[in-house]
Every structure is written in structure tokens, then in C-alpha cells.
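In this document, chain identifiers A, B, C, D, E and F correspond to the written order of the chains, with residue numbering beginning at 1 in each.
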Amino acid sequence: MRVCVISPNTSKAFLEGQRRELVNMPHIKVVGITRGPESVECYYDDVLASPNIVELVQKAERDGFDAAVISCFFDPGLRAAREVVSIPVTAAGEASLLLACSLGNRIGVVTTVENSIPVIHHLVKGLGLESHVATVRASSLGVLELDSGENTVKALLKETLAAIKDEGSDVVVLGCTGMAETAAALQQRVRTAGFDVPIVDPLRAAIQWAEMMINLRLRHSRVSYPKPPVKIRTA
Amino acid sequence: MRVCVISPNTSKAFLEGQRRELVNMPHIKVVGITRGPESVECYYDDVLASPNIVELVQKAERDGFDAAVISCFFDPGLRAAREVVSIPVTAAGEASLLLACSLGNRIGVVTTVENSIPVIHHLVKGLGLESHVATVRASSLGVLELDSGENTVKALLKETLAAIKDEGSDVVVLGCTGMAETAAALQQRVRTAGFDVPIVDPLRAAIQWAEMMINLRLRHSRVSYPKPPVKIRTA
Amino acid sequence: MRVCVISPNTSKAFLEGQRRELVNMPHIKVVGITRGPESVECYYDDVLASPNIVELVQKAERDGFDAAVISCFFDPGLRAAREVVSIPVTAAGEASLLLACSLGNRIGVVTTVENSIPVIHHLVKGLGLESHVATVRASSLGVLELDSGENTVKALLKETLAAIKDEGSDVVVLGCTGMAETAAALQQRVRTAGFDVPIVDPLRAAIQWAEMMINLRLRHSRVSYPKPPVKIRTA
Amino acid sequence: MRVCVISPNTSKAFLEGQRRELVNMPHIKVVGITRGPESVECYYDDVLASPNIVELVQKAERDGFDAAVISCFFDPGLRAAREVVSIPVTAAGEASLLLACSLGNRIGVVTTVENSIPVIHHLVKGLGLESHVATVRASSLGVLELDSGENTVKALLKETLAAIKDEGSDVVVLGCTGMAETAAALQQRVRTAGFDVPIVDPLRAAIQWAEMMINLRLRHSRVSYPKPPVKIRTA
Amino acid sequence: MRVCVISPNTSKAFLEGQRRELVNMPHIKVVGITRGPESVECYYDDVLASPNIVELVQKAERDGFDAAVISCFFDPGLRAAREVVSIPVTAAGEASLLLACSLGNRIGVVTTVENSIPVIHHLVKGLGLESHVATVRASSLGVLELDSGENTVKALLKETLAAIKDEGSDVVVLGCTGMAETAAALQQRVRTAGFDVPIVDPLRAAIQWAEMMINLRLRHSRVSYPKPPVKIRTA
Amino acid sequence: MRVCVISPNTSKAFLEGQRRELVNMPHIKVVGITRGPESVECYYDDVLASPNIVELVQKAERDGFDAAVISCFFDPGLRAAREVVSIPVTAAGEASLLLACSLGNRIGVVTTVENSIPVIHHLVKGLGLESHVATVRASSLGVLELDSGENTVKALLKETLAAIKDEGSDVVVLGCTGMAETAAALQQRVRTAGFDVPIVDPLRAAIQWAEMMINLRLRHSRVSYPKPPVKIRTA
């Protein structure tokens, strides 16, 4: 089984971070786009990244990968990619939010900057999961500011506890794939604070989701994602 | 008042069609993207067209237009465009669907090819208007096949009557801006068939919507559409 | 183009206020009901005003107006009026709420007295826009207490800021047509307070909406609003 | 216990029919409005009837009745009446639809003329019961054409069976109080046709609902239905 | 008319309490399960109690009762019971929540322990009443700790006022049948605190609901609740 | 990794069928309840099976399994089981429906007997997935009649094609775990019939879901599923 993870931005540091955290999964290869935004934090970034992400999904299929994973919580290019390839394609937002639906009843999303909040609410609406999501909160850390250090953990912890205590969230999804390094630390702190609430890292969820689909030999419906009509498309 | 209408594809014929139908509105200028798909009929086309559309919206603001109108029912790039400019931006899908909500209770959308159906359902979900839309139907005519001839009218009429009679639609929105030339003919045929049901041409609706916003001195909320963070973005 | 605006109550002062604020629009005539409540602030007022409003809409059609606008946020008599006339009829609530849907994602309504709050929630439900409205708040000023003075602005500003800060509203609709004189002042204060959030005056929105329908030669669906059966109706 | 049932139209025959069918309930008095429409079949009729119905509810309270029942499926004046009196007020639409929610999962409404269909859909939306109602169908019999004869039963039976077989309704509510005389016959025919589906007569449901509220010493919330502000209201 | 009320747990004290409060209703008999949990406060209790409750409903039918009432807010076994008997079956949760829909717009539920909160939210979802319920709050009193003393009243009052003031509830339903003895006291305190908000005791509501169904000769739909297939079922 | 699959009925043949189809997964052990119904096809069966299923989940935890899977589409006992154990618990309905949400937009469920239809609709409501499910259809085959023969395939194919063609389903979930043996054959027939629509076997989905949770070290939230209060519970 070979899975291609697609880093959604042009940041070398972000790409290296993703590779580092998946280093123990030899069946996974991480590639990144080379044109577009250096991080994806708003609709504008989403629009600029998407064509390049779709291109990498197409390349992954040509290169024989069994599935492609878009490593971004906004799911940029996900639906377009499903139209153009026949391997399963998953993405961090859809996979982690559906997974969270089986863990609790009121999902809290804790993301990076405030610009992301309306994008994530719109994503949730498009997924038909509005009634499952209690709150979307921003830690005010930019995607490229995230690391595994104390500042990051503290900023995420603050919003996570607010999601739980003030908004009644009973499961928390991290709203960015760049937060994975701190997810374990965050889980521990939340437990220490007295809340037995699962913390979902969306990239890991999306990888597991892709593997589930490979194992079940399932793929997106061609009725929902028919092949695009043939026509002239210039880059 | 000067309004810039943006043709969402690279087709010269489509661009000329749009200019022809708006020729009596001298305050309107129609421009078209020069890279991307020759028509927008699926998610993949949407993704390829969007960055170029956003660029033209930015240019429209720099050129002093009072508003920009994205002439495509999928609203490609609409939310990204609102982030990057301060003039009102409207698009055919959002404007015509909201307008139709004041005309009847169950909207039927009649669009071009089958590939468009899931895209439009997803658009409707994202707009929070799922309970207002009774059906989305395809005439099986490609965007570039549409004209004002009898074949086009007949294909649209068939689906329009099905939307009304089989699905209980009481207002019909055409799901493509390339259908405007036949809207009036279609309206007449529908009345002749015994149904006093309004037919909404989405491009005209979006232009009127833009003018409404200019007249009211309103613009999208900066809380919903904050300015994107400054960062490196490569084309 | 001639538009008839219908003042929904018997207050002379309210009628004069509406005429004053529309004085620069010579194509608009403002008329008011002469029986019914002196202001519309609850279901009971709505019920008493509606028959008289419908009568004025019928008169407007007979007098050759191109559209009628019901100048009340409760939309009293709107649906009945659409049944009995063939010109477009709009009203402040429906038009401003649909317009606001294109400006932001979470509408806050700021209205007059507390009695209006359940009426507006019920209006929103009937429009199928429940998921778009974040909050309805009362300034505790009666309809006839509203003016352009500092007290009015302050009372509205307080609830507007609460709608934005406490309830996450990103667009604010004034829930009464008697608030128009202060809308511009309110918009400025909200910006000064650091929130780039649009403030929608519902009467102006409804007038623009009526003009949009005239320009597009559209009218409500006769399937949703069929002509009433002929029968004896005594006044 | 004394309950006042309010006939919502000026038809003497309708009033007598209601009295006849409730003749065995001596604690009930039926009164009817004397101005307004001779039957309630559209929004326009609703608007004309409502002020007169509210007046009769107020009179019922003054006359010492323990509850008032508005005998019309559109619930005309219900919310206004609750504002102005302190006795419980019920109506045929709300009571029968809520009752039906405990009998099955998909309610079918069978009403009189086609004009009533959009009014009933709007009523259902306002009650927040959209997801419970599968269909609203018209028998094409006017309110004043209804009797206990074979023609009425046949017309209702046809739509009732369509609601069950074509739309999956598992409980049927009659959408007019003038249908009560035939409800029992209809129930029998539906059973004979092989469907063990309850048929709800809305007037009987509303009377039982009123008695339930009297027995429980409950009344509508004053937070939802606050007393109207004191002001000048001219008839 | 004879109605069988089924106490959902094995507690003798609870059973006696229910009998005491219904002592003035000679047509009612209260019976209790003899195996299962001593109180129902979580999904696990619900699962353990349900088979025994269904058995008592079957016995009630055999014993000639006209209806059965499940005296538990979780409605344990309600749907199964409706499948196996032909007399009407009601339960405290469904009946009181539907009743409350006619009293106000935003229901607050005040229940016993925190474990009950997710169970009640799930019940509400299953009833399709999510948009009607504003909040579910726990008094932190166990089912068997409830009595008519001051401690119980105080604990319930605190959460009731929070439901009204903090969450905008305009009608309050007690989320346990063991609270009936204090409902009247609670209603008075809430009024004294300045809120004219109805307090619904769910057991009394369910009994009235059962009597309403008997009076109307109605019973659950056999399409929604068909008789179970014949098969081997071992206890 | 060790996973315990729980057969939800007392049928030996069903248990053997489940073991046979999972024979190549040595980390899985299948156990079955020994009291309760011989198949689960209605609410009544669900209620009788649930306590015994929960007991087996508790035993699985004591026996050191890493997760438990309830092999029934109704998810009997799922929520109760999560309260009483600390290992992940999944079930066929929840897992397969959430998985299907990522494969298409309109889920069709094809199940066994008609009795199951309302139970599955209620399950879907409780999961908050009503807007994702287009139809639930019965093949009229009892759970114990299912095999891998031609009759079973034909009956399932008929309803599957109806779900796709008549109801617009774009992904089909089999609504019983006893259908797994024919899922592959069914998938092939559907493709041959010209529909590239995924067919989801719910047991395999639930097993993969359990393994995903084990791999991610996730477990249900203790806020949604708190440990039950200590009390006397008699069997």
C-alpha cells in the first residue's frame, strides 16, 4: 500500500515538518506544491493552492499511489481531484470531522488565524455537518508559526479549553495539519485539566481514512464526481 | 456607476455572447479570463478558473469599477475575491438564488450538463439554501452549445416543465449565465404551457444585485471576508 | 418607474418621517393606513394592520404603480397582497434579510421593543432563514420613540455591538423601518468601534429590491401566490 | 370546564355544521365571526379573518371561558390572540400537527383547495415542523363544498391514499376543520384499503389540546407572547 | 377509561412516590418493573430497563387498560412497545416536549444528573425537535434524591432560572418524572422571580396525552410501528 | 491488535456466517449473544438484544480486546456500551453511514424487511445525518434468509437500482451485516448495469473504523459517554 500525502503550500519548512512527523510510515510519501501560497489561511490561499494540489493528485495516480491525501483542513481541491482521478482521495477536514462525529456530539474546531474561521464554517456547511459543530476558534498563530514548543501548546490549550467549557464541545478537532506535532501534548494537558475529551489530529485521521478506503476497495462515487468533459484548459 | 462583468472562461464566443446581450448597458464592461477552461462545467473547471477570476476582480477594483460581477452560476472565486477587494462583488449563483427566494417557495434550477448537478447542490448547501431548492436538473447541453435557437429553448423547456410538474418548483433559476439569450423565449413558452412561474436569468440578477449594493453603499462584511494575511504567493 | 411605499401604521409622525427620508426619490410615493395600530410592535398590531395594508397595495396597483413596498420589518400582509395583485410587492423584512445573506454569514437583527423579538424569530422561520440569523435584539425603544437623536443612536449602538461581540454577528439588519434616519450614523459608530460590519436599513433594501424586480420584469410566482377564490368577504 | 370554539368565517352553514358535530359536548360553545370571508382558503382570507377572530377570543375570556379554540387549520390570529388574553388558546393546525408527531413519522396533510397548499407549508415552517411533514395535498373541494356525502369522502380518500402510497405518509391530518363529519368514514375506508394509518381531525385535536392545557393548568409563555404595548388602535 | 402508568425502575420509593402523586386519579394504576436499574439516568440504565418496561406494556394491554404511559423522560422502550401492542402508548419525554412546543418557542429542559444530558439531546434529535430545544441542564440531583423538600426546589430553581436568563428559554420542561411533587412549588418561585414561564411536569403531560388519544380513538400508525415478525426470542 | 466482533442475535447460522466471512482476519474474534432475538429486525428486537450486547462488550474489554464492533446496522446498545467500557466501540450503522458521507452526497440504504425502515430512519435522525440519506428501502428478505445465492443478490440489486435511479442515490449502504457475502457480487452487477456507485458493506466498515480508532489511539468522549452512576442493577 502506497499513500501520497500532499502538502498544500510552498513552505519548505512545513513540508519538512510533515515528512518528519510521518517518518515512521514508510509507505507514505509527502510531496508539496511549488507554486501558490506559502500557507493556506483564507479563501484566497485556497483558490491559489487548489489547481496545484489537483495536479499533484493526478501525478500521484500516474505514479501508482493507491490513494492521495490532501494535508489541509480546508480540503482545497478535494472535489476537483476526485473528478479527475480514480484512486481514493481524502483530505484533512472531511476525514477528521466525520471521524469526530463518532467520538462525541458537539465538535469544537481549534484552528490557526481568525481568517480561517469563516472558511471552516463554510466547509462544514458544504459537508452538511453544521449541526455537529459547536464552535470554530482561532489560536491566532499563523500556520508557519506552529511548532511543538510551549507557546504553541499554550495557545492551542487556551482555545481548546474554551471550546470545551464555554461552548460545550465534547470532542476537539485541530483545524490545521501543521498542529500534529503538538496534538499528543495537547491531549495530555486537556486530560490533566480534568476533561476526558478526545483531540483529533486531522492529518492522521485523513491518512487512516485513505487506508480504510484502500482496505475496503472503495472509491468516491462517479455519480457525485463524474469525469470532467473533455475541453481546452490552459494553464 | 461602472460595473465590471467577468466572463469565467477562455471562450471568445462566450465572451462575445455576454457582450452582445449587455450591449444596451453602457455602464457595464465585460472582460474574460485568458487562462483556464474554455467553459466551467465541473469542480475541476471551477478550480482552474478561480485564480484568474480573482485576478480580474482585483484589476476591476484598480481600474475604478464600482462593483464586479462574476458571470458564472458556480460563483467561482467569489469568496476569495471578496477577501482581496473592497468593492462589492456578486456572482450569478448567490444573487439569483437569493432573489428567487422572494419569488416563490421551491426553486428549480435548470443547468447545462450533468457534471454541474453535484457542484450546484454543493453551492446551495454552502449558501444555506438547501431547504429552498427543490431540484437541480441538467438540459444536457454544454455551456458552449447554448445559443438562442430552437434546440436550446426546447431542451431548457423540457427540464423546466419537469421541474415544475414533477418536482413542484414554483420558480425556476437558469443554472448558467450562457442561457440568458433564451430566457425571455423560455418564459413565454412556460406561460403558454399554463404555468405562471417566473424564470430567473442569473447574470441579470447578479448585475442588478451589484447595482443594489452600490446604491445602498453596502459591501460584504470584513468579519466574514477579512483581508488575507500578507505572505509570499507565487503564480 | 413609480413605486408606492406603504407606511404600516396610523401615526402621522411616522408617515412624515418616511416621506422626509425618501424626499429625494421623486418616483416614490409614501401612503399610510388610516385604520389600525399607531405602530406595529407585536403580533396583535400585525393582525390589525394587515387588512388595511393589503387594501393599499390593491389601490397602488389600481393607481398604476409598478411595485408596492410594505415599510414594516414584520412584512404584515405581504403574502396576502401578493395573492391579490399582479405588480411586485416587497417588504422590509424579507428583502433586507435576503440581502444580508450576501453580505455576511451570521445576521444580527436589532429592533425596537422586546415584544418584537418573537415575531421576528417567527418571520425568520417562515422565510427558511433560521440558520442565517444569529440573534434578534431589542433596543427597548418604541417605534414612535425612534428619531435621529443621540439617544436613539446610543440605544441601537449598544445592541449592535452586543450582536457583533457577544453573538458573533457579522452583518446587522435594523429590525424596523423607523430606524432609517440613524442608520448612517450607526454605521459610522460601528466602524469607529473597530468593526467593519455592514448595517442594513430594511426600508431602503426593500425599495431597491422592488426596483430590481421591476428592472428584471419579474413578479412573484402565481403557483406560490395564486389568485384567491371568488367569494363574499365583508369588511 | 367551558371551552369556546371560534368558527373562522362568516358562513352560517359552516357554523351550524360545527355546532352539529359538537352537539354532544355541552361544555363547548361555538361562535363565529360576523365580518370577514365566508371561508378561509388563502392568505388573503387569513388576513381578513384574523382581527375578528382575535376579538372573539377576547370576548371568550371576558365571558369566563376556560380556553378558546380557533377552528381553522391556518391558525389565523392564534399568536395575536395569545398576546391579548390569559386563557389558553389553541388552534386546529398547531394542535393536530403536534399530535400527529406522536402517531407517526411522516405526516400527510389533506386539505381543501390548491390555494391552501402554500399557506399550510408556510404554517408548518413557522411551527418548525418541516421535517415531519411529507406532503400537503388538495382535494380541490372548497371549504363550503365539504359535507358528509360520498363525493366528499371519495375526494378526500383519493388524496389520502396518494399521500400514503406515493409520498410515504404514515399519519394523515385533515387540513380543514370542515372535514370532521367525514373523518370517521375516511378512517374506515383507509383501513379497508389495507393501510393502518391514523386520520386526525384537527378540530377535535385542538379541543382535546385545550382541555389538556386546562387540566394541567398551563398557558402559553408570556415571554413568547408578551402583552401588547398600550397604544391607540382604531378599528 | 383505565390508564396504566409504568414506573421505569426497581425503586420501591420511586414507585410509591408516583402512586402518591396520582392518588386522586382512580382510573390510573401505577406498576413498576422488578428487574433492571433502580433509577434511569444514562443509556446503560435505559437499555437495562427497556425490555422490562415493554413487558409491562404488554401486560397492561392484556389486563384491559386503554392506554399505557411510560413514566420516564428518556422514553425507554416506547417505540418497541408501540410495535407489540395495539393500545396507545405514550411516554414522558415525547409528550411533554411536543406539548411544550405549543407553549413557547425555546424549550429548556431541567433534569437530574449530568449523565442524562447527552441522552436527552439524543432523544430530542430522534424526535426531530432539535430546533425547539434551547438547552438541557442538570440539577446534579440523582433521581432517587428528588423529593418535595427545599433542597430539591432550590437546585431545580437555579437551573430553571439559568435556562431562562442565560439561554433564552421561554418554557421549561422538567426532565424527569420524579420531579412532579415539586413542579407546582417551582412554578410559583419562577413567577415570583419575575418570569411568566410555564413549567411542564412530564408525567402529567404524558397522562393527559394518553387520555387525549383515548378520547380521539387514535393510536400510533402501524406503518411506523408494524407488528414484529414472528421469531424465537429468549429471555 | 485484537478486535471483538459481536453478533447481535442468537442465530447459530448467522454467527457462523460472520465467522466464515472474517476467517482471513486472525486478529478478529466473533462472539454472539445467547439470549434475545434470533435476528434483529425491529425496535422490539433491538430492545431485547441490547442488554446482552452490552454485556459482551464489557466481556471483550475484560478479555483484553483493543476494540469491540457491534455487528448490527441498528447499532443496538452502542451508546450504552460506550458508557461502560474504555475501549473504542463501533457499530455497523454509524460507521458505514459516516464513511458513505465521504463517498457521495445522497446515501441509499438497502436493508432486509419493511419493519427495519422506520428503525433505520430513526437511527439516521439520531446520528444527525438526515440530510445525507436519500432513501431507505427493504428487500423483503428476512435477516436469516440472506445468503450468497442468486435470490439474495437479485432482491438486493432490485432495490439498489431503485435507490439509484428513482431516488438519486449516489452511494449505497447495505442496511444489515448479514448481507456481506453478497456485497461484492452486488457491486459488480451495479457496475454492469452502468452505475459507478460504491456499495458499502457495513460490517467491514465498522471493523475498519475500529482499527482506525485503535491506530489513532482515540476513544469516545467521556463528556458524551460518562461512566454510569454506581447503583443497584438487577438482571
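We adopt the following convention: a residue touches a chain if its C-beta (ideal position, glycine included) is under 8 Å from a C-beta of that chain, and two chains touch if they have at least 3 such contacts.
This structure is a prediction, so every number in the text was calculated from the model and none was measured.
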| item | value |
| --- | --- |
| Which of C-E and D-E has more C-beta pairs touching across its chains | D-E |
| Classification of the subunit E:subunit F interface as same or different, half of numbers criterion | same |
| Rounded Å distance between subunit A and subunit E, as computed from the means of their C-alpha atoms | 43 |
| Intercentroid distance (Cα basis), subunit B paired with subunit A, Å | 30 |
| For subunit A, residues that touch 2 or more chains besides their own | 105, 118, 122, 128, 131, 170, 223-224 |
| Contact graph of the chains (line, ring, star, complete, other) | other |
| Interchain contacts, given as pairs of chains that touch | A-B, A-C, A-E, A-F, B-C, B-D, B-F, C-D, C-E, D-E, D-F, E-F |
| Interface residues, subunit D side, partner subunit B - complex | 118, 121-122, 130 |
| Contact footprint of subunit B on subunit C as seen in their complex | 90, 94-95, 98-99, 101-106, 127-129, 131-132, 164, 170-171, 195-198, 200-201, 204-205, 208-209, 211-212, 215-216, 218-224 |
| Contact footprint of subunit D on subunit C as seen in their complex | 10, 35-39, 41-48, 50-51, 54, 77, 79-80, 82-84, 113-115, 118-119, 122, 125-126, 128, 142, 223-226, 228-229, 231-235 |
| Contact footprint of subunit C on subunit E as seen in their complex | 105, 131, 170 |
